[in-house]
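Shared chain: chain A. Partners: chain B in the first complex, chain C in the second.
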Partner chain A sequence: MPSLIEVKDLSVEIGAKQAVLLALDRISFAIAHGEVLGLVGESGAGKSLTAAAIIRMLEAPARIAGGQVVLNGVRIDSISDNEMKRVRGRQIGTIFQNSLDALDPLYTVGQQLVETIRCHLPLSASQARKRAMEWLREVEFPEQRFYAYPHELSGGMRQRAAIALALCAEPYLLIADEPTTALDLPVQAQMVGLLKRLVQHKKMAALLVTHNLGLVALAADRIAVMYAGRIVEMGPTRAVVQRPAHPYTMGLLESIPPLSYRVRRLRQIAGTMPRLGAIPPGCPFSSRCNHVFARCHRARPELMTAQMTQAACWLHAESTCKPT
Partner chain B sequence: MLAFAFSRALQAIPVVLVVGLIAFALFAYVGDPVLIMLGQEHTEAQRKLLVEQLGLDQPFYVQYVRYIWAVLHGQLGISYSFGRPVAQLIAGRLPATLELASVAAVFAVIPAIPLGLFSAIRPRNLLSRGILLVSLLGVSAPTFMIGLLLILGFSVALGWFPSFGRGQVVQVGRWWTTGLLTGSGLRAIVLPALTLGSVQMSFIVRLMRAEIIRALQADYIRFARARGLPERSLYCVHVCRNALLPVVTAAGLQLGNVLAFSVVTETVFQWPGLGLLFISAVRGADIPVMSAYLMLAGLGFVAINLSVDLAYHAIDPRLRIPHLGASSES
Partner chain C sequence: MSCWSDMPREHHQHEAAQAQASGSSPASTRLEQAVPCVLELRHVTHYYAVRKSGLWHFSSGRRARKLRAVDHVSFTLQSGTTLSVVGESGCGKSTLARLAAGLLSPSEGVIRTGGRRLSSVRAGEINMVFQNPYAALDPRWRVRRSVSEALRPGGFLKSRRAVHDRTGECLSRVGLSPADGEKYPHQLSGGQRQRVCIARALASSPRLLICDEPTTALDVSVQAQILNLLRDLQRALGLSYLFISHDLPVVRYMSDDLAVMYLGRIVEMGPAESIFSAPRHPYTRLLLESVPDFTAMTHRRIRLAGDPPSPLDPPPGCPFHPRCPIATARCRVAKPAYTQHEDVLVACHAVEEGRGGIG
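And now, the complex of A and B:
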C-alpha cells in the first residue's frame, strides 16, 4: 500500500548562531492508510519535537534544518505558512499532551466543534451542527452534552471532545502526542481503543507519540523507538516488543514493572540520556550500552536489518567482529 | 442571577454603614466647624448653643447613630458652610463628576484594549515599544502632574483647550446638567478627562498585554492553531476573551480609583464636581457634606464591584451555577 505520509531525513535544530544543537537527526519513517505508527522513547528523545516539526508548530528557537515531509504526494515542509494553516486541522489532525486543557474554557464543546468544522468545510451553521453531533457520536460522547462547557466534563469526556475536534474536518493523518498521559488507566485503554477504531474506520493514518510501551503495544501496527533525537529501532509492533534488536529497546522493555506478586528489583538502563550537546560520537547510546565495543565509538550506525526489525546498532552489521 | 445581584446589593448596606462609622470617628480631627461658622468674634454662650444644636457635644457614635437615623428619614442634613441642604448640593454637582468619569473611562478603555493587543502580538515592533514606554510613564506619573503638563502644553502654549471650568452647560430634564452638548463644554472636558483617564489607560494597556501574552501560551490556543483556525478568529474569539477576564476586574476596580482621583483632577482643573465639593467641605470641616460624600463613594464602589461581578459571569461560564442535571458526569 502506498504510504500516506513520508518523512525523509527530517532534522531539527535548536539555538542561534553560536550554539546550534541538533535535536532531531535525520528522522525517516512512513505511515500507510489505516496504519498506526507508535513513536516511543524517554522524555527528551525528540518524540514531541517530531510531531511539532511535521505540523510546523515548533517553538521559537527550534527550526527545521533539513529533510522532507510528504503528505499525499505533496511536500508540506516547503509550502507557505498560509498554505500550512489550511493543512492543519483539514489534512492533519493533532491532539497534544495535556489534552485536558485543549478546550477553550469559555466556549461549549458544540461551539468549538462547529467553529472548527465551518472553518474547514463550506457548511451552513445547521449542517455543521449536524456534523458535530455525528462526530460526538463517533467518539462516544453523549450528545446531550453538546452544550456543556469543558469544566463541566470529566477528563475522559474532555479527551473525547478533543479527539472529535481534531478529527471533525476529516483529516488524513492524526498525530496524537501523549494523548492519554493525564487520564487514569482504564480510560487510557478506552481512548487508545477508540483511536485505533477511528483510524481503521476512516482509513486515516496515525502517529501515536507516547512513552508508554504498553499503550503502544495495544494500538500500534508498527513501532519506532527514539533515542537522543534519532530513530534507533523500527519494526512491526510484535517483533519490536517480543524480539527487540537494539539494546536500548531491550532496556526499555525490561524497565516496565511486571504485575506479578513477587516484585523483583527492576532492571534499569544505567545512566541517563545524554544532553543534546553531549551526545557521544559514533552510536549515541554507546555511553549506556552493555554491549558496547570499539566500532560503536568510531562510527554512527544507521538503521540496518536486524532479526525481524530494523535497528541502528553495530551488533547487527554483517561483517562485524562482535565482542565475545 | 437575580438572587446573586440582590444578595450583593444587600452586602452594600454593611459596607456603607462601616464607611460612615469610620468617617464619624475621624471627624473629631478635621477641625472645628463651630469656629469656622461663627468666625473669630463670638461669645461662649453662642458657641455652646450652636454646639448643642449641632449635637457636637455628643460622642461620635451618638452623632453617627443620629445621622443614620436622619438619613433613613431622607434627611442628609444642612451644609454648615453653604447653609443649603446637602442633597441639593450633591445633586447639583453629581452630573459634572459622572460626566467627567465616564468620558475618562471611555478615553481609557477604548484605545487601551487594541493597543495592548497590538503590543502583545508584535512585541518587537517599534510602535509596541513606544506604547510600553508611554504607558510606563502614565502608570508612574502622578495625576496632578499629568494635568499640569497638559494645561501647560494644550492651554498655555497651544491654547486649544480651556485650562479650567466646565464650559457652558445646558439643563437636561429636571436633575441633570450636561456640558456634552455645547462646544465650550466639549472642549472643556478634554483635558480633565485625559488626565483622569491616563492612569487607567496605561494600566489597562499593560495588563491587557500581559494577559494576551499569557493566553497565547495556553494549551487551548496551541490546540486551536493545530485545528487550523485562522489567525483572526484565533485572536478575536479565543485569545481576547480569555485575556479580558482579569482586565474586566482590574478595569472595574480602577473605575473606583477614577472616582477617587477625580478629587485631584477636579482640583487641578477647577471642575465643579463632587471632588471639588468634597475638598471645600474638608477645608470648612463641613461634616454633613463629608459624610454624605463618603457614604456615596462607598455605594459607588459597591455598585462597581457588583457590575464587575455581573460582567464576569457573562464572560466566564465557569462562574455560572450549572443547570441541574446538566452537571452530572457520565
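And now, the complex of A and C:
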C-alpha cells in the first residue's frame, strides 16, 4: 500500500551558533492509509518534537535542520507558512494531552465544531451543524450536550470533543500527542479504542505519540521506539512487544510490571537517558546497555533487520563478531 | 489475613455468622491485640463543604452542600506491609491519604496509629511522598536543606554534626551521593528528585510512609528504579506503606493488601493476590479488564463505560449500580453491606447472592 505520509531523515537542531544540539537525528518512517503508528519513548526522547516538526510548530530555538516530510506526494517541509496554515487542520488534525487547551472556554462545543467545519469546508451553517452532530455521534459524545461549554464536561467528554474537533475537517493524517495521559485508565482505553476505530473507518493515517506501551500495544499497527532523538527500533506491534530486538526496548518492556501475574523483582535499566549534549558517540544507548561491545562505542548503528523488527543495534549486524 | 474482620458490619446479622464460619477471625483478633497495627481507620468519613460557585453566588449566604469524599472507610495496616488503595480519579483516594497523614481531620470516625489517636502522634512518625517531585521540593533550597528540614520539628538531633550525618545517611539510602545534597532541584532528573523526596520522608525514621501516586509523573524505566527502591527500603527498615495509585500493574507489584474504592467507599478489600487472581466485585473486574496489558496482547472489549457519578449527588443504593452490568432492583435501593468471601470482603448484592458472573 502506498504510504500517506513519509518522513525521510528528518533532523531538528536546537540552539544558536556556538552550541547547536542535534535533538532529532535523521528520523525516517512512513504511515499508510488506515494505519496507526505508535511513537513511544521516555520523556526527552524526541517524540513530541517529531510531531511538532511534522506540523512545523517548532518553537524558537528549535528548527528543522534537514530531511523531508511528504504528505500525499507534496513536500510540506518546504512550503510557505501560509500554505502550511491551510495544511494544518485541513490535512493534518492534531490532538494534544490537555483537551482544555484545544477547546475555547468561551464557546460551546457545538459552536467550535461548526466554526472549524466552515473554516475548512465549503458548507452552509445548517449543513455544518448537521456535520458537527454527525461527528459528535461518531465520537460517542451525547448530542444533547451540543450546547455545553467545555467546563461543564468531564475529562473524557472533553477529550471526545477535542477528537471531533481534530477530525471534523476530515484530515488525511491525525497526530495525537499523548492524547490520554490526563485521563483515568478505563477512559484511556476507551479513547484509544475510539481513535483506532475512526482511523480505520475513515482510512486516515495516525501518529500516536505516547509513553504508555500498554496503550500503544492496544491501538498501534506498528511501533517506533525512540531514544535520545533517534528511532532505535521499529516493527509490527506484536513483534516489538513480544520479540523486541533492541536492548533498550527489552529493558523498557521488562521495567513495566505486568498486570496478569506478580513478578519477584522488576528489572530496571540503570541510569537515565543522556542529556542532548552528552549523548555518547556511536550508539546512544551504549552507556546503559548490558550487551555493549567495542563497536558500539565507535560507530553509530542504523536500523537493520533483526528477527522480526528493525533495530539500530550492532548485535544484529551480520558481519559483527558478537561478544561471547 | 488479620485485619479484615474489623470491617463495618452494617447491621447485618448474618454477616457475623458468615465471618465466624470462615474461621479466620478469632485467631486474627488475637494477633491484632498482640501487635498494634501501624494504621487503623474505623468508620472514617470526610465531608468537604461545597458552595455553589459563580459570580452570582458569592454573597447569597446559601448553606454549603456536603460532598462526602470518604464514606465509612475502615481498614488496618499491619507493620511492615503495603496496603494499596486504587480507584478512578475522584473516588476519594487522595483524601484518604491526607486523612491518614493527619493533613485533614476526619468528619466522623477514628484514625489510630500504634494504638494511639492520630492527633497525639509526634511529628515525623508518618510521612508522605507526593506525586509530583517537581512541586514537592523548594526550588531555592539545596537538597541537603530540604532533607534536614524534616529533622527539625521532632527535635531529634541536637547537634549540627548529627543533622549533617543523618542527612548524608538518608541520601545514600536512596541511592544518591552526599555530594548530591549540595545541588538544587533543577539540577536533578525527575527520578533523582523523587529519591530526594523519599530521603526527606525517611529522615525522621517514620514507621509509615504514605505514597500518593509516587511514580505517576515518572518515566517507566525510572518508575522501576523507584518501585524497587521503595521495596528495598521496606525490607531494610521495616516500613509500612499506604500506597495510593490508579496504576493497577504497579499496585500488583507493590501490595500485600488491596482496597478498591468507588465514590468514597471501599467496595472490595483483601490480600492483593486474592483480588488480582479472582476479583469479585463487578467494579474491580471491569477495572482490571480495562487496563491495556501488553503482556496479554488480546483484544478485550472495554465494558466499563461512562464516568463515575458526581460525589455531590451520589446515586441511592449501591453507588456503582448506574454503571454495573448486573445491577438489579435491590442494587438501586439498598446499600450493599460487606460480606466475607474467603479472605476478601466485598460490598455487592450480586456477589452476596452468588450471581457474580458478568456477561
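The definition used in the following text is that the second predicted complex is superposed on the first by the 318 of 324 C-alpha atoms of A that agree within 3 Å, B and C clash if a C-alpha of one lies under 4 Å from a C-alpha of the other, contacts with A are read in each partner's own complex, and residues count from 1 in each chain.
Criterion: a contact is a pair of C-beta atoms (placed from the backbone, for glycine too) under 8 Å apart; a residue touches a chain by one contact, two chains touch by 3 or more.
Computed from a predicted model, the values in this text were never measured in an experiment.
Chemist: So, A:Q307: does it touch chain B (first), chain C (second), both, or neither?
Modeler: Neither partner.
Chemist: For A:R145, using the defined touch cut-off, is the partner it touches chain B, chain C, both, or neither? Pick first, second, both or neither.
Modeler: After superposing on A, A:R145 lies in contact with chain B but is clear of chain C.
Chemist: Taking the superposition on A as described, I'd like to know which of chain B and chain C A:L185 touches: first, second, both or neither.
Modeler: Touch partner of A:L185: chain C, not chain B.
Chemist: Quick check on the superposed pair: does A:G89 touch chain B, chain C, both, or neither? Answer first, second, both or neither.
Modeler: Touch status of A:G89: first partner only.
Chemist: Just checking: does A:C119 make contact with chain B only, chain C only, both, or neither of them? Give me first, second, both or neither.
Modeler: Only chain B; A:C119 stays clear of chain C.
Chemist: According to the stated criteria, A:S78 is in contact with first (chain B), second (chain C), both, or neither; which is it?
Modeler: Neither: A:S78 stays clear of chain B and chain C.
Chemist: Do chain B and chain C land on any of the same chain A residues, and which?
Modeler: In the superposed arrangement, which is not itself an observed complex, chain A uses residues 154, 157 for both chain B and chain C.
Chemist: Please output the residues of chain B touching chain A within their complex, sorted ascending.
Modeler: Touch residues, chain B against chain A: 218-220, 222-231, 233, 237-238, 241-242, 315-318, 322, 326-327, 329-330.
Chemist: Of all residues in chain C, which touch chain A in the complex?
Modeler: These residues of chain C touch chain A: 88-89, 189-191, 219-225, 227-228, 231, 246-250, 252-253, 273, 276, 286-288, 290-297, 299, 302, 304-305, 307.
Chemist: Would you tell me which residues of chain A are touching chain B in their complex?
Modeler: The touching residues are 55, 57, 85-90, 93-96, 98-99, 101-108, 115-116, 119-120, 142, 145, 147-149, 151-154, 157, 162, 165-166, 169.
Chemist: In their complex, what parts of chain A are in touch with chain C?
Modeler: These residues of chain A touch chain C: 42-43, 154-157, 184-190, 192-193, 211-218, 238, 241-242, 251-253, 255-260, 262-263, 265-269, 272.
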